[in-house]
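Chain nomenclature is as follows: A, B, C and D, assigned in order of appearance, with residue numbering initiated at 1 for each chain independently.
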Amino acid sequence: MAIIFNRYGKCRIRLVKVRRAADPHDLVDLTLDVQLEGAFENVYTEGDNSSCLATDTMKNTVYAFARQDPMASPELFGLRLAKHFAATPPVARARISLAEHRWERLTADGHPHPHAFIQPGGERWTAIVEKDRDGERVTSGLENLVVLKTTDSSFSGFPRDRYTTLSETEDRIFATSVTASWKYHLGTAEFGARTLIRRRLLDTFATHDSRSVQHTLHAMARAVLDACDDVEEVTLALPNRHHLLVDLAPFGLDNPNEVFVATDQPYGLIEATVRR
Amino acid sequence: MAIIFNRYGKCRIRLVKVRRAADPHDLVDLTLDVQLEGAFENVYTEGDNSSCLATDTMKNTVYAFARQDPMASPELFGLRLAKHFAATPPVARARISLAEHRWERLTADGHPHPHAFIQPGGERWTAIVEKDRDGERVTSGLENLVVLKTTDSSFSGFPRDRYTTLSETEDRIFATSVTASWKYHLGTAEFGARTLIRRRLLDTFATHDSRSVQHTLHAMARAVLDACDDVEEVTLALPNRHHLLVDLAPFGLDNPNEVFVATDQPYGLIEATVRR
Amino acid sequence: MAIIFNRYGKCRIRLVKVRRAADPHDLVDLTLDVQLEGAFENVYTEGDNSSCLATDTMKNTVYAFARQDPMASPELFGLRLAKHFAATPPVARARISLAEHRWERLTADGHPHPHAFIQPGGERWTAIVEKDRDGERVTSGLENLVVLKTTDSSFSGFPRDRYTTLSETEDRIFATSVTASWKYHLGTAEFGARTLIRRRLLDTFATHDSRSVQHTLHAMARAVLDACDDVEEVTLALPNRHHLLVDLAPFGLDNPNEVFVATDQPYGLIEATVRR
Amino acid sequence: MAIIFNRYGKCRIRLVKVRRAADPHDLVDLTLDVQLEGAFENVYTEGDNSSCLATDTMKNTVYAFARQDPMASPELFGLRLAKHFAATPPVARARISLAEHRWERLTADGHPHPHAFIQPGGERWTAIVEKDRDGERVTSGLENLVVLKTTDSSFSGFPRDRYTTLSETEDRIFATSVTASWKYHLGTAEFGARTLIRRRLLDTFATHDSRSVQHTLHAMARAVLDACDDVEEVTLALPNRHHLLVDLAPFGLDNPNEVFVATDQPYGLIEATVRR
């Protein structure tokens, strides 16, 4: 018997840093996972902990680094942590996952407030940073960006087998929660493309004449690559949050694409990776 | 033995209505509960269903009414449903709970898009409408409005008993998820105060010099009553989402109110109702 | 303006106590809420914290009491906490909510293991204890007891209005998650009835010839009152977790009550309180 | 630009099948995902749906197959579905994920009841079945098996760097939620090992003298491979659900490993794959 894969670490480290040096205050809110791979076999087989950095130490390290770091972006903070953890044998690979919870400055009495914030929902900005002997890799992303369009979405011309009952439609609701991730060319990348990428994803979702979720996904991915030279590949996952037209005929009413049931499950899920 | 309370109905009816008459499209997204009370004892004791309106019928009714209703506000739609259900014996009270999931119009290519929307997070706008022999009652509200301030919040001067270890603090993070509800003077109310109430809650949270969660809660409630003449009472529930200062001294670092652990549990919970 | 209701406290205090005195070990796993009401107006209006026991102190108190308590039942532990917190002015009412997470002893190598446990799912055993000037009140209960029967459940004879489309059925799946609570005659009660009550709830659910959820709910409540003399009233809430028969006719197949879609929402919800 | 990965399908198909042929009734409760990969590029780039089997059709297919299948195990049902979906070009790989929600027969009035069931918690039995040109692969597993031991768990001898504050301990609580998966030698496998594997995981967790989560994970994995000849590799993921000893010294109390705070986050996470 052999251990062919092992990984361990600390998950869901919750870190909030307030930058108070200047007025107005600035706020960073992160959830981090630290995960290490390497030649830890003796920990497993012998109960020998001499190489087993405690996961509690990983947590402490995150907080100590946060104190000393400008926290300019999750990617750069993740890279510093990955370098630190990858430097100690027998670690072969350090993986830092970061999710940033967004806060926007509150406007109070008509002015931006210097130290009050509001959380604009469940959208998260993500980064996964890995360091091993082959170098560093950064994947940035966003999750839970929820959008809907009431028209310009069709689905027709699909194959019909003996189990097909779905009607063709030229006009349906298209609702989804975007999960996106993209890989930067390292070296050139400054990790500053998230706002532009988000903008291009939203613009394309809104304006695309959709013949399927796949069709719009591809247009969104292409728009990202067109707009951002230092992104080399983008992955999108779009759940199809089905909105079913309610049959009101039994009540003597028509339903000209107005009244829908929003359903949670089952749902379609469309995923693809597009590379430059 | 006697049945001293009974209530039944359909919960989590998911309704999306698109108003297509005009361009741009408009969107209403609701989750509703319909609940009835009344002299239904025979249903329970005898298995006699002759008075037991099926909960499936309640669901159908919501969708049929939605087709014919302008859906100007959750309160008005709820009142129409409540009147309908309360009109049939043996119903003594109809209760409609509505939660509106907010959507904002997407700005695409720099312009408001006519039929694309984005969901600005988990905030919900709520209404509870009741109709019985004593008349109609409407409670409006909002939930999951998440805010944080990095200063202007203290907690000191509290009593110390043998179990008290908490230090006094003159400067702490104050983070909460606001749940608010308010009762209108019926007759005069047009149910249009939510935007103003939300504005006053946020302004007061941001600018109040807080000596406790209770202290700020009271200021927020008072601001609502000051601003809205047709609101007669307001209830607030403010969880204290504790942010604990990390002790970095073991690592030779200070922590001048900069690095915090955001904790989920346990949490303080402060509730109060203020009446004009 | 006046504060007409106020309550505050600490929620979701997570407490695990191991009784190690004897072998085998014993385990109690609780989540507690402590909530106080009283004449705390000055805390709200003046920011005067001199009467405001810190919620952190409440948490400390729970752990200190747990160390010294035999933890024989959540009800008795809750009563001790309620008495402690209600004894200090200006507290007018102390309310302790407890949820016990169940653990069963693991059987290892065919024998009950002295210190290994398994969690048999999401069922929680609950208690709410209140103490105020009128005395003490205890409500015990259980939550998330999930059961299903494949037959002996019908729903017919219900009224048909213009919005009714549901077919009558003489044989359907009945699935629910039982939430039950009951009030003891204080003085006589030893709080030891939970196992018997749970047994009677399950026996009645299984064997009742159900004409509606209401019909079975009433039989279950009556069975509890019949079996437990020191229970004076019982409340049940039974969601109807609908299982919809799949229409297989388009595929040339019948479906003799065999293949179902289990749905989460919407769901029926039936609630009643039966008093001796 | 090129699409370098694409996958689509229907997720969270909820299927309940009652086997009524014999008395007592039998019950299977599954949540399934169907996912297809293949040469679907035209769907994405051209909006050409002629090869795009609707996800609604996938759902219908699952229900139609369920009607005709003995549903002897999730693995065998998954294999039949995978073969069906993989047979139609341009599908290159079909992936069926199944999670079985367990139900146990209720004992009513002291006897096993022929058609009433209780859900023993959140444990799920899982299978992932894949079919592509290289053949079929089956991975079986279980999730959310929650266990705890009150002793026979230590953690000491770990390295101490400048960020280490954790004390060594010779006696701590070890609590986890087991996620396990294993791969069968296809051909010989009958997919009947889950009960034995679950038994070996529990026995080993209970009786192992643990020097770390890793140490016990390895013993558990080895026990599975020792017991089941037709399993070729096993993967375990064990979160360390930390139970922190409460410091009661400020209250003049000792705490001889009796009173703990159960914490949700952060948590350690230990993963490994062991191959025969």
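To be clear about the criterion, a residue touches a chain if its C-beta (ideal position, glycine included) is under 8 Å from a C-beta of that chain, and two chains touch if they have at least 3 such contacts.
Here the structure is a predicted model, which is why all the values come from computation and not from measurement.
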Interface composition of copies chain A and chain D: same or different, split at half: same
Distance-maximising chain from chain C - centres being C-alpha averages: A
Distance from the mean Cα position of chain D to that of chain A, given in whole angstrom: 24
Inter-chain centre distance, chain A versus chain C - centres from mean C-alpha coordinates, in Å: 37
Distance from chain D to chain C - Cα centre to Cα centre, in angstrom: 28
Where chain C touches two or more other chains at once, by residue number: 14, 60, 64, 163, 165, 250-251, 264-265
In the complex, chain A residues that touch chain D: 1-14, 33, 35, 40, 43-57, 59-61, 64, 88, 155-159, 161, 163-166, 210-215, 217-218, 222, 225, 233, 235, 239-240, 264-276
Parts of chain B lying in touch with chain A, wherever the complex brings them together: 14-20, 25, 27, 29, 60, 63-64, 66-68, 103, 106, 108-109, 113, 115-123, 145-152, 173, 202-203, 205-207, 243, 246, 248, 250-251, 253, 255-263
Contact set on chain C toward chain A in their complex: 162-163, 165, 250-252, 264-265
